[in-house]
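Here subunit A shows up in two complexes: once beside subunit B, once beside subunit C.
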Partner chain A sequence: MGIEVKNIQKKFNKKKILSDVSLELEPGKIYGLLGRNGAGKSTLLSIIANRIFSDSGDVVLDGESVFERDEALGQIYLMSERNLYPEGAKIEKIFKLTELFYGSFDYEYANELADKFGLDVKQKFGKLSTGYRSIFKLIIALTVPARYVFLDEPILGLDANHRELFYRELLDNYVKTQKTFVISTHLIEEITNILEHVFILCHGEVVIDGNVEDIMKKAYLIAGPQKDVADYCRGLNIIGKESLGSIHGNYIYGDLDDNRILPDTVSVERMDLQKLFVNLTNMEEAKK
Partner chain B sequence: MMTAKEVSVTNYFFKNTLKKLGYILIWIIFSSLFFPWVFSGFNFSSISLRSILTDTTLGPVLSILISGIALFPYNDFKLLIQSGISRKTFWKARILSFLAVSILGQLIGIVVGLLNPYTNHSWYGSSLYMQVYGKYFGSTAMNSFMGLCFILLSTSVVTVGAIMVGSIFSLFTKKARVYIFIGLFVMAVVFINWISAAVQNDYMLNIIKHTDSFLHFIVGYSGTNARVGAWNPTMPFIVAVLTGVVCLFGSYKIMELFKIKNE
Partner chain C sequence: MHFNFNSTEPIYLQVASQIEEAIFTKNYAEKEQIPSTTEISRDFHINPATVLKGINLLVSSDLVEKKRGIGMFVAQGAYEKLVKKRRELFYQDKIVQVVDEAKRLQISEEELLNLIKRGY
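Coming up: the complex of A and B.
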């Protein structure tokens, strides 16, 4: 059950964007899809939602391909930076169209969210600012009866208050509906606490695919004098280094060896998801 | 059998096309009153209702307008792919709704013609078919029935053709479309120029003769003895059906390639 992305490959003008990407999305989880600009996140989401075609591979929902199947596509909603709604249509009209095409729509909840965010539903979509366009699309994303909701840069143009409100509403919606959310964003620190599972894409490949808790258990910062840190980290998977005066830090991703003796001069701290992401993607960049 | 989604999308296209059509018709009515009024020195009494109604050929006008609307599918595609609708459903709904609007338009055109006292309650004047083939069968009822069938068939073919042409252009970005239009225009100018020079050449004259014969064949012209009005309509029917099938298949195959463009 769930969505399976199987060996997706995609090239644009001979440039490889996605190379053999495979991942699984289980029902009722919040996923993070992270990657630097140009990593292929939006391309992958567009392929899952059938907006563009992959060169090879398949996207399967509950065992059947989603390609050109209304039933499967009706279970997927992609909110993206692209504005695909008619510019001249009023927000309330687009709510009606969403009901028409998805089969149902929670008007009460949509209007409640519009009130909370201060969105005028009589306004035309084309007249909205970037922030309010995001808010409008988020309202649809939270209200639409799709089981899998993909949010590509959902907080684009949103101020801090609206971002807070969105995270609260997202969690509230998740608890009530048990939908699957996939969030792709660059503001990693803000979403770390709500993610259960994370995928990190780098150069069109999935370099991390795992439960956030498990991943963070393997992410460390070893700090201290350079020589002591170097001795302690020998044989470990060093994904980044940092120095501040005489203090040196090594970022490690992987299990620490319990038999290793930790010198008094060296400290071991947990790394946050953003640091892990930055170091991992920098390392992958360096490899290329 | 149509699924609930197919019905919803077809209804949406049908209503949306009628809305656009109504909007355009209001502008046409306004323009056909406004310009005579302005050019007659802002004098309402000089506007002749009789002349306007005599010249009204609603069927062909509606056919052109509907085909024009059918030329622009991309915005609808964007909305529908955002709303979880497949390309196949998009194509099916678009074909069905536009055919329904086209057929409805022609039937309205005929009814308006029959009700119009200034056209002697006849729709023949606005029907090229009736003028060319309307006396082929001995029975007037049969000729009228075949005329009605041909109008509905040919309008449907024109509409489906417009859907196919619109689909082809929707595959390209706005920038590419501009280059294609410029390219086609230049090619047309060069072609006209070339053909006017080439007609003096025997080989070209031969090709033109063959083209002329072919055109006569597909319109059902059977020779100089054939009386205009009594040409054989079999070939036009066959050509219309074949063109319709090709356009239907072509538009489906092209819409299968639709995707969200980076523009």
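Coming up: the complex of A and C.
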């Protein structure tokens, strides 16, 4: 069950965008897909949702390839940054078009959400601000009967109040429907606690794939005088460093050595997902 | 309810300790209903599975009880249990730290006792 992404490769104009990406999406979980600009997040989501073709590899939904299978497409919805709607169409008209495409549409829920976000459904799509375009697309994404919903940059242009409201409505929807969500965003701190599982994409490769809690258990900041820190961290997986005067910090991703004695001068702290992301992607960048 | 999360401690532990704190300060009285997993999840933007994991810690230590189809309630005797637990942790969590810091500050035992008396 679920979606299996198998060895997806994609080039654009000879430039490698995705190199051999494999991952699994289980039903009923909230996933995060993180990556720097140009890491290949949108390309990957578009391929899974069958909006663009991959050069090789397969996407399997409940045991069958989604490529060239129309009914599978109705199970996956991608809300993307791109605006696919006619500028002159009214919001309520687009609700109708969505119903035609997906076979059903919960108008009551859509209107309730529009009300909460203050979106006028009589308005034309082309007249909406960036923030309200996002809101409108979010409403569609939360309402369509697809079992897998991909949100690519869902909070683009949303103010803090609308973001709060979105997280609330997303979780409310998730609890009620048990759909699978994949959220791709740069505002990592805001969504960390919402995610159950995270993928970090770097230069078209998955560098992290795991349960958020398990990952965070292995992310440390070791700080203290440079020499003591260096001694304590010898042989550990150092993914970043920083210093403030004579205090030195090493970011570690991986297990610590329990047999080592921690000097009084050295402290072990945790880092959050955003820090882990920044350090890991910087490190990968430096490798290139 | 007031939750204050930091970004480095596991969230399920924070969920458990914040509810525990609310029971200890009697913000949630015994037999009173506590917010549901869904409510906490929605209000604080936390994955419901994480919230549930935190609440289950409280259920397994008999501080909270689940009533099927109704909700979750502060268990009878939860407050007493917490007081007992916190008293046991008091020496380890607080006193040892205070003495350590006092030594670093070269505060003598007598001076420390006087300070404690003053604070009482």
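One rule holds in what follows: the second predicted complex is superposed on the first by the 288 of 288 C-alpha atoms of A that agree within 3 Å, B and C clash if a C-alpha of one lies under 4 Å from a C-alpha of the other, contacts with A are read in each partner's own complex, and residues count from 1 in each chain.
Just so it is clear, a contact is a pair of C-beta atoms (placed from the backbone, for glycine too) under 8 Å apart; a residue touches a chain by one contact, two chains touch by 3 or more.
As the structure is a computational prediction, the values presented were derived from the model and not from experiment.
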- prompt: For the overlay on subunit A, clash or fit between subunit B and subunit C?
  reply: fit
Query: What is the contact status of A:51 with respect to subunit B (first) and subunit C (second): first, second, both, or neither?
result: first
Message: I'd like to know which partner A:106 touches here: subunit B for first, subunit C for second, both or neither.
response: neither
- request: Pick one for A:30: touches subunit B only (first), subunit C only (second), both, or neither.
  value: second
Query: After the superposition on chain A, what angle is formed at the C-alpha centre of subunit A by the C-alpha centres of subunit B and subunit C, rounded to the nearest 10 degrees?
result: 150
Message: Is A:168 touching anything from subunit B or subunit C once the two structures are fitted on A? First, second, both or neither.
response: second
Message: For A:20, using the defined touch cut-off, is the partner it touches subunit B, subunit C, both, or neither? Pick first, second, both or neither.
response: neither
- request: Would you sort A:74 into first (subunit B), second (subunit C), both or neither based on which partner it touches?
  value: first
Subunit B versus subunit C as contact partner of A:92, first or second or both or neither: neither
Query: So after superposition, what is the minimum Cα distance from subunit B to subunit C, given in Å?
result: 28
Message: From the superposed pair, tell me which subunit A residues show up as contacts to subunit B and also as contacts to subunit C.
response: none
Query: Given the complex with subunit A, which residues does subunit B contribute to the contact?
result: 3-6, 8-9, 11-12, 75, 78-89, 259-260
- prompt: Which part of subunit C faces subunit A closely enough to touch in the complex?
  reply: 5, 7-12, 37-38, 41-50
Statement: Within their complex, subunit A touches subunit B through residues 46, 49-53, 68-70, 73-78, 82, 84-86, 97-98, 100-103, 146
- line: Per the touch rule, the subunit A residues reaching subunit C in their complex are 30, 164, 167-168, 171-172, 174-175, 189-196, 213, 216-217, 269-274
